[in-house]
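Okay, here's the structure, questions in a sec.
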Amino acid sequence: MNGAIKKADILIETLPYIRNFYGKTVVIKYGGSAMLNCELKEKVIKDLLLMRYVGINVVLVHGGGPEISSILKKVGKHSKFINGLRVTDKETMEIAEMVLAGKINKEIVALINKNGGKAVGITGKDGNLAKAKKMVLTNDMSEPTDLGFVGEICEVNPQLLKTLFDDGCIPVIASIAMGEDGETYNINADHMAQELAIALKAEKLVFLTDVEGILEDYNNPDSLLSVLTVKDALEKIKNGGISGGMIPKVEACIKSIKQGVRRTHIIDGRIPHSLLLEIFTDKGIGTMVIE
Amino acid sequence: MNGAIKKADILIETLPYIRNFYGKTVVIKYGGSAMLNCELKEKVIKDLLLMRYVGINVVLVHGGGPEISSILKKVGKHSKFINGLRVTDKETMEIAEMVLAGKINKEIVALINKNGGKAVGITGKDGNLAKAKKMVLTNDMSEPTDLGFVGEICEVNPQLLKTLFDDGCIPVIASIAMGEDGETYNINADHMAQELAIALKAEKLVFLTDVEGILEDYNNPDSLLSVLTVKDALEKIKNGGISGGMIPKVEACIKSIKQGVRRTHIIDGRIPHSLLLEIFTDKGIGTMVIE
Amino acid sequence: MNGAIKKADILIETLPYIRNFYGKTVVIKYGGSAMLNCELKEKVIKDLLLMRYVGINVVLVHGGGPEISSILKKVGKHSKFINGLRVTDKETMEIAEMVLAGKINKEIVALINKNGGKAVGITGKDGNLAKAKKMVLTNDMSEPTDLGFVGEICEVNPQLLKTLFDDGCIPVIASIAMGEDGETYNINADHMAQELAIALKAEKLVFLTDVEGILEDYNNPDSLLSVLTVKDALEKIKNGGISGGMIPKVEACIKSIKQGVRRTHIIDGRIPHSLLLEIFTDKGIGTMVIE
Amino acid sequence: MNGAIKKADILIETLPYIRNFYGKTVVIKYGGSAMLNCELKEKVIKDLLLMRYVGINVVLVHGGGPEISSILKKVGKHSKFINGLRVTDKETMEIAEMVLAGKINKEIVALINKNGGKAVGITGKDGNLAKAKKMVLTNDMSEPTDLGFVGEICEVNPQLLKTLFDDGCIPVIASIAMGEDGETYNINADHMAQELAIALKAEKLVFLTDVEGILEDYNNPDSLLSVLTVKDALEKIKNGGISGGMIPKVEACIKSIKQGVRRTHIIDGRIPHSLLLEIFTDKGIGTMVIE
Amino acid sequence: MNGAIKKADILIETLPYIRNFYGKTVVIKYGGSAMLNCELKEKVIKDLLLMRYVGINVVLVHGGGPEISSILKKVGKHSKFINGLRVTDKETMEIAEMVLAGKINKEIVALINKNGGKAVGITGKDGNLAKAKKMVLTNDMSEPTDLGFVGEICEVNPQLLKTLFDDGCIPVIASIAMGEDGETYNINADHMAQELAIALKAEKLVFLTDVEGILEDYNNPDSLLSVLTVKDALEKIKNGGISGGMIPKVEACIKSIKQGVRRTHIIDGRIPHSLLLEIFTDKGIGTMVIE
Amino acid sequence: MNGAIKKADILIETLPYIRNFYGKTVVIKYGGSAMLNCELKEKVIKDLLLMRYVGINVVLVHGGGPEISSILKKVGKHSKFINGLRVTDKETMEIAEMVLAGKINKEIVALINKNGGKAVGITGKDGNLAKAKKMVLTNDMSEPTDLGFVGEICEVNPQLLKTLFDDGCIPVIASIAMGEDGETYNINADHMAQELAIALKAEKLVFLTDVEGILEDYNNPDSLLSVLTVKDALEKIKNGGISGGMIPKVEACIKSIKQGVRRTHIIDGRIPHSLLLEIFTDKGIGTMVIE
């Protein structure tokens, strides 16, 4: 009995957080270990469900690079990468779409619904949620590089998501969109999450990553920054304190903040229940990027 | 961090219970130690808030015998009791109403709202919620005894409660109602809770008491019955296995069950978070009376 | 038959007034003889009901000084008054709340409902309707005087009143509110009425008093002013033409007018049906304070 | 002042009647002196407005035989009548429609709106409100007589009226409808009123006539029957106690009652405010036909 | 079968136009041959129905000069015209109203409903849709001329039309309105259409006329202007390129465009399905007046 | 111009059909040539859009056997078929889901949206639309055969589809569903279409096939049956008049009819605009199976 009472006390500790987030929107970019490790995956899904039950409108955005690569390999295709972006020809795009929209997306939907939720898995194409345009990449000599069907979002129509929220659903978004030219484009999932968060005027945009957050000193794992201002973030990018794959995430945070998202977070998806820890504790986890 | 993760695990354990109760109505008869002890009181209130936040429509019904007696004493009035019922003259009724609707009710409302809720404290009079008629008590010789303004509910109009639910409010009900004769009647709070639960087709009716529940063997405190059927309950009342103040509560359970309330519970309000333990654990606590 | 036809003619005379007030909000500060005299009380209640039936959203705000004093006396407590304000210690506040919310409020609710209405009696605490802060009174030497739990309204959240209007209810408000500190404060009912009228953007704020209105010449009872501009009212307060208990009422009129209430009235509650006379005649009664 | 107070008392006397009719539907067949006499007309219109303001859904159905005859005369046409029904050829029907829908209907609409109401004047054709079929009249020898475009209602679709009620409008209906054959038919206004009352499940159907009501003794004007049962009415028709133009009205009452209209009335439109007298007094006026 | 397939192809060609007009409002001034010729009339009505079915909110405004004249003649009245406007005495106004609201309006309603639509025929009086004031005409010497009951619209309250749209109805408007003085005024139907289009923020205002449109060269029937800017239109009026009865129509286009109507059209009602040709083809027909 | 007018006449011919189907639901099983041939595909999509624009709630259900086979081949897997059903192991199911939900479904969605529609592509998993159970196949000797992840629908929750209809969307359904066991099952698309039509109480269920319909005489292509009763259909199945792949389609028609679908059709998808021909002509095309 005492154990049960202590557990109830723990539930009660969440009251002030529930109060704050009631009716708010949280966009989560799902990726990394939290998506690969079965046990972590189950925990993320349950965290989502709890968030939904206590009145938070949750959107999950996912990519799926590793699985795309693995299927491409099966059918004997090899991708070239430029600046970390996969050069995407028509056949690659078709396979990517199958994997993202037909495999990963549906696995997540199944996992949520198996646990009692009501997920609906869609892409940016569905309901004209997001429109893309071809990404133009120029090299050092200002020459454009053709990445094929790699796009960026130029317009979001969030009505379908709101309809799904009102129906009690959790939208799960595969990061694909259609261009004005009618072609299908592969979209970086961090970028998709950012654009949806902006269009939904989200309370929070959370990136589930495989790092602890942003470090004060790149070489000292104990120097995690809990809070980082936009100004300091820009400085760190400039001086190399933030580098590699972390740059697009931090830039997505900065752009989101500037366009009205209240808070943005880079958190460690390797920690079980990292989402709940972020939402339901004062300290939160990882790094919060703010104005 | 590990502590935090364990806490998150505990939150997650509640998922199946939250799912089951989402959008359901729970009527709670509040009384005894849980209402007198400050620490327990705070815990009950927080339990209520959590229930409300996870989508349960909560109604709290309270009486207040001890406080009425204490104020009556202050003004120099003494009550006569017949069969445990206070003979209630006009002046007593006035004082009872002041104490119930103007003191106890408002203290509970204040406590809920201080903790971030949105309680609205009313009586059966307000919005014509409940209509009463004079209770007629006959003695062994079938002679009627006049208890004064002691009434029983003859009609409930639950619309106001539904309006308050839709507005996100927690209704707190002082157990008083107006008769067709325009007089104010004191209503036993167990009876009021029962009638509201029936009118609202509640999922649960819970009595917070100062006992552990119904015992198999009256003399053996370890013989708590987790479940009691209506048939066994009636048998126990007949053979004295249930007696005293427990009889009206068990009878309220039986009547509620027969008129469509799904589950009724007699639980131990002296246990911290007894409401959460009942709602959010498989075993529940106390005794559940079922069909 | 002729009598009946003449009566019908009288009903028809109200048409233009009904038209004007349809769907508008009228806040009434109820007090004085109209609340003490049984016959007048019944008339006020019926006036309210008629107003509600022809589509006016009516709010009734009441105080209850005399009854509080009488109960305090019964339990042997004596109040000290500073500048007409009762110094209110904790015990006094508790008794005041009981009397206001548990006695006077419920009597009014009962009277309205007995006459076929649907009143709901609440305080500023309920539904977080009004938040108070401690009133700070400084004497001539700028020294603060502690009045105890005497407060003023610092925030109104009128949503609950609108919900009740939509449900066809008449809200009856006991003039009490909770502070940010969680304490209960006694609020001057004139002040509460003013703040609710402002928050509701009321069409009219009406003070039922025991005087005919504002007199041109303080010594000449025949010099009633039907209309008084804010400018003239301020002048009269300055030169003593308005004095004593009338000052806070006139100041409430001025503040309300400045914050968007269309019309404010000080009328004579000793006249039967004074509310109807104000609403349903061209001349109105008492004094109207306007911009 | 005393006069004003007495008037207020009269308003207050209407409270119980307002309560009873709030949200109910009353269909009024308008005709006779109440439609011809300017002063009476104005009074009827104001009665309607008051009924609408206190929450009654009012429908006005009118015919216009005398005006049709007068215009027919102007253009040199003479009508033949069989059993009191005008034999209606195509040209007559066109003129009848012009007079009913383009003159009388719009005059009533103008009068209501001039007095501050929101009337909408339509016919049975508009919004497919009522469908007609040709009336078949057989003579004593069972030979059919052709009355031309005289019809009876065979279907009512009351949706448009409900939409207009919700919008705060008073529908004014000219008694014309379209047949399945696409032809326009003249409908007896008593019959139209009856069919609308049935389709709307009206609380009351009121015929404004030029007689006091049904008399017990046909020769004794003081023998007015306040209440007449369907059984007695049928008896009186059989034995000649009800005759002439009163028969169709009483039959409309009987049919309406049998199909769910609560109360039906034949009242004296020559009495000023006869509608209000019927609605807002206990005795009512004229004869009420009941089950 | 091939014929059927080709027809289907034609349906499919309308898709982009349907898309563009979905949920938009189109006001049509109906007159000339399209209203006199039976075959054309039927086609206009079916065009309207199709427009309604594919989601366009259609309003039809009609006059009826020729029929008014014909009826006036029947009753032996002759009208005087000043500047093309009929001097309208009381009796003329009454007859005009009968013809417009009771004959022409109801014929159109019947025709629409016979074809499966749900038309509701009203005037500017109904539901206080449009308020008029007396038109003041001054001659060359600035002396006012009295035209009697000829008015112009000074206020439109489009709520009733929106209610009818939501109910799936097609409002058919006879061009009559009530003045503040309570008198009925005859309104030029072009002017009424213009004012309704402005109040409804219509997508299109279409005049069905008996000419092909505006010609570049007044003498060359092959010089139809498909598009005319406001500037060029004003120029053409000044230099006589637009004259006679076309002036008020073009001025109505100009005023509508300036007050927010998207597009205005003068089209040839003598061409079968001219409305569909305008809405469902790229070229449209007639002349479009634009900013 | 004459050409344009003739086209308008053709549009107008559709009016009675549009009227009949307004607001009704039509479920279409999409397959065969109409899905493989690019030109036909485009026509089907435009037919759908037109149906949606004229107010029909359209649902498209698709399978994709040939594409699944082709991808399986690419990755070197061969399927065994029993009774025409693909034995589906885990890996096959994964690939089938990718192809159905991630390729074919999204291609259809893209095609609809490119043409101006608002399609949303989902599977039976999303929003818990359809629940499956493992299909049990017994051979002649009543021995069960394990087909792996081949399922049949045991429960449909059509709420999500209704939400999408209200939002103006066209749901496109890949024929996959989740079992109670959490596994993904491949569902025959004819069967899925049937179950959705029943749950939606559809007006029509249409199978787009590669045959003309049901023939009277199997060997005579000119003996197409326009209408087939359930009784005759059962007879034909028994005596071999209906055989092979047509049996499940006809059985789906029969089951749907018996459970409340109004009409079921087997039509020839090789004919351009076969859907429009079915909906918008009296004769329709193919075979209609009715009660």
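Going in written order, the chains are labelled A, B, C, D, E and F, and every chain counts its residues from 1.
Everything below uses one rule, namely that contacts are C-beta pairs under 8 Å (C-beta built on N, C-alpha and C of every residue); 3 or more make two chains touch, one makes a residue touch a chain.
What you see is a predicted model; the values in this text were computed from it and never measured.
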Angle of rotation relating chain A to chain E [CA atoms, steps of 5 degrees]: 120
Matching chain pair for D-E (criterion: over half of the contact pairs shared, by residue number), options B-C, C-D or E-F: B-C
Chain A and chain C, separation of their C-alpha mean positions in angstrom: 55
Averaged-CA centre spacing for the pair chain B and chain A, given as whole angstrom: 46
Where chain B touches two or more other chains at once, by residue number: none
Category of the chain touch graph - line, ring, star, complete, other: ring
Traversal of the chain ring from chain C via chain D: C, D, E, F, A, B
Partner chain D, residues of chain E touching it in the complex: 74-75, 94, 97-103, 105-106, 109-110, 113-114, 118-123, 125-128, 159-160, 163-164, 167, 169, 176, 178, 182, 184
Residues on chain A engaged by chain B in the complex (per definition of touch): 1, 4-5, 7-16, 18-19, 22, 43, 46-47, 49-50, 53-55, 115-116, 271-273, 276-277, 280-281, 285
